[in-house]
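So, here's a batch of structures to check.
Look at the two complexes coming up: chain A is in both, with chain B in one and chain C in the other.
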Partner chain A sequence: MKSKSLSIPFLIWAVIFIIIPMIFIIAFAFTDDNFNFTFDNFNHLNRYLPVFLRSLKLSIISTVICLALGYPVGYIISKMSPKVQNVFVLLTMLPMWMNFLLRTYSWIKILNTESGVLNTILSALNLPTIDIMDTQFAIVLGMIYNFLPFMILPIYSVLTKMDEKVIEAAKDLGANNVQVFFKVVLPLSVPGIITGLTMVFVPAISTFIISKLLGGGGANMLIGDLIDMQFLGNAYNPHLGSAISLILMVFILISMGVMRKFDSDEAGGIM
Partner chain B sequence: MLKFLKRFYIFIIFTFLYAPIAVLIAYSFNSSKSSKWTGFTFDWYIQLFQDKQIMNSWGVTLRVAIFSAIIATIIGTMAAIGIANMKKRTRSAVLSVNNIPVTNPDIITGVSLMLLFIALRIERGEITLLLAHITFNIPYVILSVLPKLHQADNMTYEAALDLGATPFSAFWKVVFHEIKPGIVTGFILAFTLSFDDFMISNYTGGTAQTLAVTIFSMTKKKINPKIYALSSIMFLTVLILLIIVNLRQDDNNSKKERKLKKVEKNL
Partner chain C sequence: MENNIIIDLKNISMEYGNEKVLDNINLYIRDKEFVTLLGPSGCGKTTTLRIIGGFINQTSGNVYFEGKEISKVPPYKRQLNTVFQKYALFSHLNVFENVAFGLRLKKGKEKLDEKVIKEKVSEMLKLVNLSGYEKRDINSLSGGQQQRVAIVRALVNHPKVLLLDEPLGALDLKLRKDMQTELKKIQQRLGITFIYVTHDQEEALSMSDTIVVMNEGKIQQIGTPQDIYNEPKNAFVADFIGESNILDGIMKKDCLVNIFGQDIECVDVGFEENESVDVVIRPEDIIITSPEEGIFSGTVTSLTFKGVHFEMVIQCDGFEFLAHNTIASQPGEKIGLKVKPFDFHIMKKSKKECEK
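So, the complex of A and B:
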C-alpha cells in the first residue's frame, strides 16, 4: 500500500524532535562538561533525596485526594440527564481556559494571611483565620485544584459509557445498591481511574510552578524546581538536570507499569 | 436527602474550581495594584491594549497556536492514515514513539528540546517555539484521528476505487468525510494545548515569550492587573462561544425532533 508512505513526514519529525532529544537526555546524564563518560551526576543525587521524597509524598497525597473527590463528581455527573451532563462536562473543562499560572497565583490572593480573601471573610464572620501560605498543605491544595478536572473527566467518560443492563442484571440477581457499586460499577470503572491517576500523578510530580508560588520555594522545593534550576536557573548544569530528568522518567514509567498491571489483574478478576 | 447531598457536593466542588477565577475577574476591576480593594475601575482594560509586552506575547501565543495546530493536524492526519495501514508490529513501535511526548512530563519534553536546539546551535525564538509546539501537538492529532480510521468502512473506499476513482479522490471524497470529526477534534485539542502551554514554551521560546511565559516572569515580581483583564476577556469569550454553540445544538436537536414527530404523524 502506498498510503504507508504518508507517515514518512511524521517519522522523520519523530526521529529529530522526539527520539534524538531523548538520546540527548541520556547522553547528558552520563557525561561531564567535557562530554567524558561519568556516573558523577548520579552520585550527586544523594543530596537531593529529600526533594525526591517530598515530591513523591505530595504528589501521591494529591492524587489520592483527587480520586476521592473526583470519583463522586464523575459519578454524579454521569447520572444526570444528557443535556445537563454536557453542561457540567464543559464546566469541568472551562477553568483550563484561564491560564493555570494565573489561577494558581489567584490562590495567593485567596490564602494570604493578612489581606487574603478567605481570611477577610473568616474574620468578618468572627471565625479564626487560617495561615497555610508557603506550606506543603498549600502545595497539595494547588495540585488538587489544578489537576482535579483530569481525574473527573476520564472517570465520568467510563461511567457514562457503562452498560445499564449490567447494573440491572446485578440488581435482578439480588444485589443491593452498595453491592452493585462495589462489585460491578467500581471494578468496571478501573480503566477510567487508572487514566485519571496517571493524568494527575505525572504533572503533580513534575510541577515546579505550584511549589514556587504556593510553597514559597526553598524548603518546599520539588523535583520540578530542581530540574528547572539546572536548565534555566542560577545552578545551570544540564548534565545534572538530565540525570534528574532521567530518574524522574524511569520513576514514572515504573509507576505506570505497576498501575497497568493492577488494571489487567482487575480485568482478569472480573472475567 | 441524598439528592440534596449530591447537589451540595457538586456545588462545593465547582465553587472550589471557580473561586480563583472569580477572584481574578474581580481584581481586574480593582483600582489599585495591591490585594486591597480600593474601588471599581475599567482602567486595566483600556491600558491593556497599550501594553507592548502583553500585546506582543499575546500575538506570539496566537500565531504559534494557530500554525502549530494547522501543521500538526496535516502531519498527524497523514501519519494516522499511514499508521492504520502498517503491520501490527511496526504500528505498535511507531505508536510507542508517538506516546513519548504524551506520557513524558512536559518539563522533560521541554528541556530535551532545549538541549536539541542548543546542540544544533539554533537561536531560541519563535521558530523553535513553533517546532516544539508542533512536536507535542502531533501525537494528540494522531490519537484523535486513528480511532476514526479504524471505525471507517474500508469497503466504501474500495467501492470508490472500483467505480474508477483515483486513490486520491477516493480518499478525499470518501475516507476524509468519515474521519473528519477526528481531524476536527485533533485540531481543537492541538490549538488548546498549544495556547495553554507554559512548560515547553518556557524552555524552547528563548526571546519569544508566550503569554504564559510573560505571566510567569511577572509572578516573580508582581502581576500587573492588565493580565487579569486580558484573561478575563479570554475566559468570558470562550464562555460565551460555548454557550452559543450549546444553544445552537439544542436548537438543532429540537428542530430535528419536531421533524421526526411530523414524519411519524404522517406515517
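So, the complex of A and C:
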C-alpha cells in the first residue's frame, strides 16, 4: 500500500510529460491537416531513406569510435588510485556542464576553413590547410566530442566495481593478463558497454544541431534535421514530422532490444 | 622426512609502510598434509596464504615449492590453486564453464579437446554432488552450492596444493559442519595438500593434521590438534583454542605449583624454582564436588544451559572459574572444585615468544 501511494507523483509526471505527448505524436502521425485519419504520412517515407541511412551510418561510426576510445579510457581510469580516479571522472564530466550549443559552436571556430583555429595553425606552420567544415567527418567529430563521456562513464563504473578477487581467481587458475582481460574482465563489463552504446547511439542518431552546425545541412542532412524542419522550418508539416519521429523511435526501441538480448546471451559469449 | 616437504617458508616478513604484518615466519608444509593457519583477524594468516599463492610479494624471506624458490613466479604459473573467501566465481559463466575455466586455458601441446574437458568437469561435479547442475546460472545456486563449485573449479587442474581462504565463513552452522566433513574427505581422496585459513578454532581442530596458531604476525604454536588443545604453549593459544581458565601461579619445584597460596600437585617439569607461570585449566576438566573435598571452593554465580552441558561461573577468592558439567549447580550454591594433576597446564608467562 505504502509503495503504491509513493508512486503517485511519478504516475502524474508520467501521464503529463510522457503519455500525453506520446498520444499527440501518434495522433499527428496518423492524421492529415484536417485531422482525418490517414496513412499518407507514412506512404512517402521512402523518399527520406537516404537521410535515414546517412544518420544510421554516421551514428554507428561515432558509436564504434566512442567505444574504441571510451573503453581504454574507462579501463585506465578504473586502475588509478581512488583520488586520481575522482579527478579524471570530474574532468570527463566537466565539458558536459557547459552548454551543448556553445560546445558545438566552438568547433565551428576550430574547423572553419578560412579563419578556423586549426587552419590558422596549419598555415602558420606552412602546412596545407584542410577543409573539414560542412562534411560528414565534421559531424562524426562533433558526435564523438559530445557523446564520448556517455561511453566512458558507464564503462568506468562497471570496471571500478568489479571484484578484484574474480580477477585473482582467473590468474590463479592459470590465465595470463591477456586471457584475464578477454575471458573475465571484458565479458563482465558488457553491461557497461551496452549502456554506453545506448547512451551514445540514441542521441547520435537523433541529433540535428551537430549536423546543422558542423555538417551544413543540405546534402549532409540527418534524420533529426528532417524532423526539425517539419516543425520549425519552411517545410512545416507536423504530421509528417510525427510520422518520422515514430519510425525513428520504433527503430531505436528495436536496436536497444537487440542490444539487451546480446547482454543476456552474454553467458559464455565472448570466448 | 625432509624430502616430502612441499612448501617451505623461510624468514618471511611482510610490511605495509611501518606496519609489520608478518614477522619472521618459518613454516614447512608436508605433501598431502591438511594444514590450518588459525588466528584472530589481523593475525597475518590470510597474508601468509596470499604470499604462498603469489598474489602479494613478501618484504623479505623466501618461499620454496618442492625445493625451488618461487617468490618471482606469477600466480598463473604456480602449481597451486585457491578457493577464495567469497568464492569469486565467474558470474558470466555457467557452472560447467566455471569449472572448465582452468582446463580451457591450456594451450599448445597441453590443449585439451572438448571430450576430455567434459569428462573432467563431470567427474569434478560428481565429487561434490553437483551432477546435473552443468547448465545452471551461478547466481541461481545457494551459498553451499556456490562453495562447491568454487572448490572443484580450483581442483580441476589437479594442483599439488590447494589454498583455502576461510571458504566456509559465509555458510550457516549446519552447512559448515557438513562441508567440513566433505572437505576432509575430498582432501584424503585426492591426496592433495590443503592449506586452510580460518579463525574458527573448532573448524581447525576437527579438520587439520597440523594447526599453525598465529597472532600479531607471529607463529604462536605449530602442532597436531591434540597438541594444540592439550598442551598449549602459551596463554594466547590456550585462550584462543577453546575456553580456558588462566590463573597466575608460581612454580615451587617440578610437579608442584602454588595457586592462590596453596601448593598443588601437577605433572609439569622444567621450570625454574619460584618462576611465575600461567596455569591453564579447561572448563571441562573442572570436577564439581562438595566444598570440603575441592581444591578450591566458591559460590556459583551464574548458570547457562548450552545444550550438551551446563556452563557455570564460580566465584573463588576473587577469581571467576568457568566450568562445564552435565549436572547443574544452582546460582548461590557453595561448591568445591577439583582438578586432576595432569589437567593443570603450566606455561611460561606470555609475551615471551615461542619458537618452533
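Points worth noting:
In the analysis below, the second predicted complex is superposed on the first by the 261 of 271 C-alpha atoms of A that agree within 3 Å, B and C clash if a C-alpha of one lies under 4 Å from a C-alpha of the other, contacts with A are read in each partner's own complex, and residues count from 1 in each chain.
Quick note on the criterion: a contact is a pair of C-beta atoms (placed from the backbone, for glycine too) under 8 Å apart; a residue touches a chain by one contact, two chains touch by 3 or more.
Only a predicted model underlies this, so the values are computations on that prediction, with no experimental measurement involved.
After overlaying the two complexes on the shared chain, residue contacts for A:I139 are found with neither chain B nor chain C.
Using the contact criterion defined above for the overlaid structures, shared-chain residue A:L222 touches neither chain B nor chain C, since it reaches no partner.
Using the contact criterion defined above for the overlaid structures, shared-chain residue A:G174 touches chain C, although it does not reach chain B. By the touch criterion stated above, A:L69 is placed in contact with chain B alone, chain C being left untouched. In the superposition on chain A, A:D163 makes contact with chain C only, not with chain B.
Measured by the number of chain A residues touched, the leading partner among chain B and chain C is B. Those residues of chain A that touch chain B in the complex are listed here as 1-11, 13-14, 16-22, 24-25, 28, 69, 72-73, 76-77, 83, 86-88, 90-92, 94-107, 109-110, 112, 115-117, 145, 148-149, 198, 202-203, 205-206, 208-209, 212-213, 224, 227-228, 231-232, 238, 241-242, 245, 248-249, 252, 256.
Remark: chain B residues 6, 9-10, 13-14, 16-21, 23-24, 27, 34-36, 75-76, 78-83, 85-86, 94, 97-98, 100-101, 103-109, 111-116, 118-119, 131-132, 134-135, 138, 142, 167, 192, 196, 198, 202-203, 211-212, 215-216, 219, 223, 227-228, 231, 234-235, 238-239, 242, 246, 250 touch chain A in the complex. Those residues of chain A lying in contact with chain C across their complex are 163, 165-166, 168-176, 179, 183-184, 187-188, 190, 266-268. Listing the residues of chain C that touch chain A in their complex gives 53, 55, 74-76, 81-82, 84-86, 88-94, 97, 101-102, 105-106, 137, 153-154, 157.
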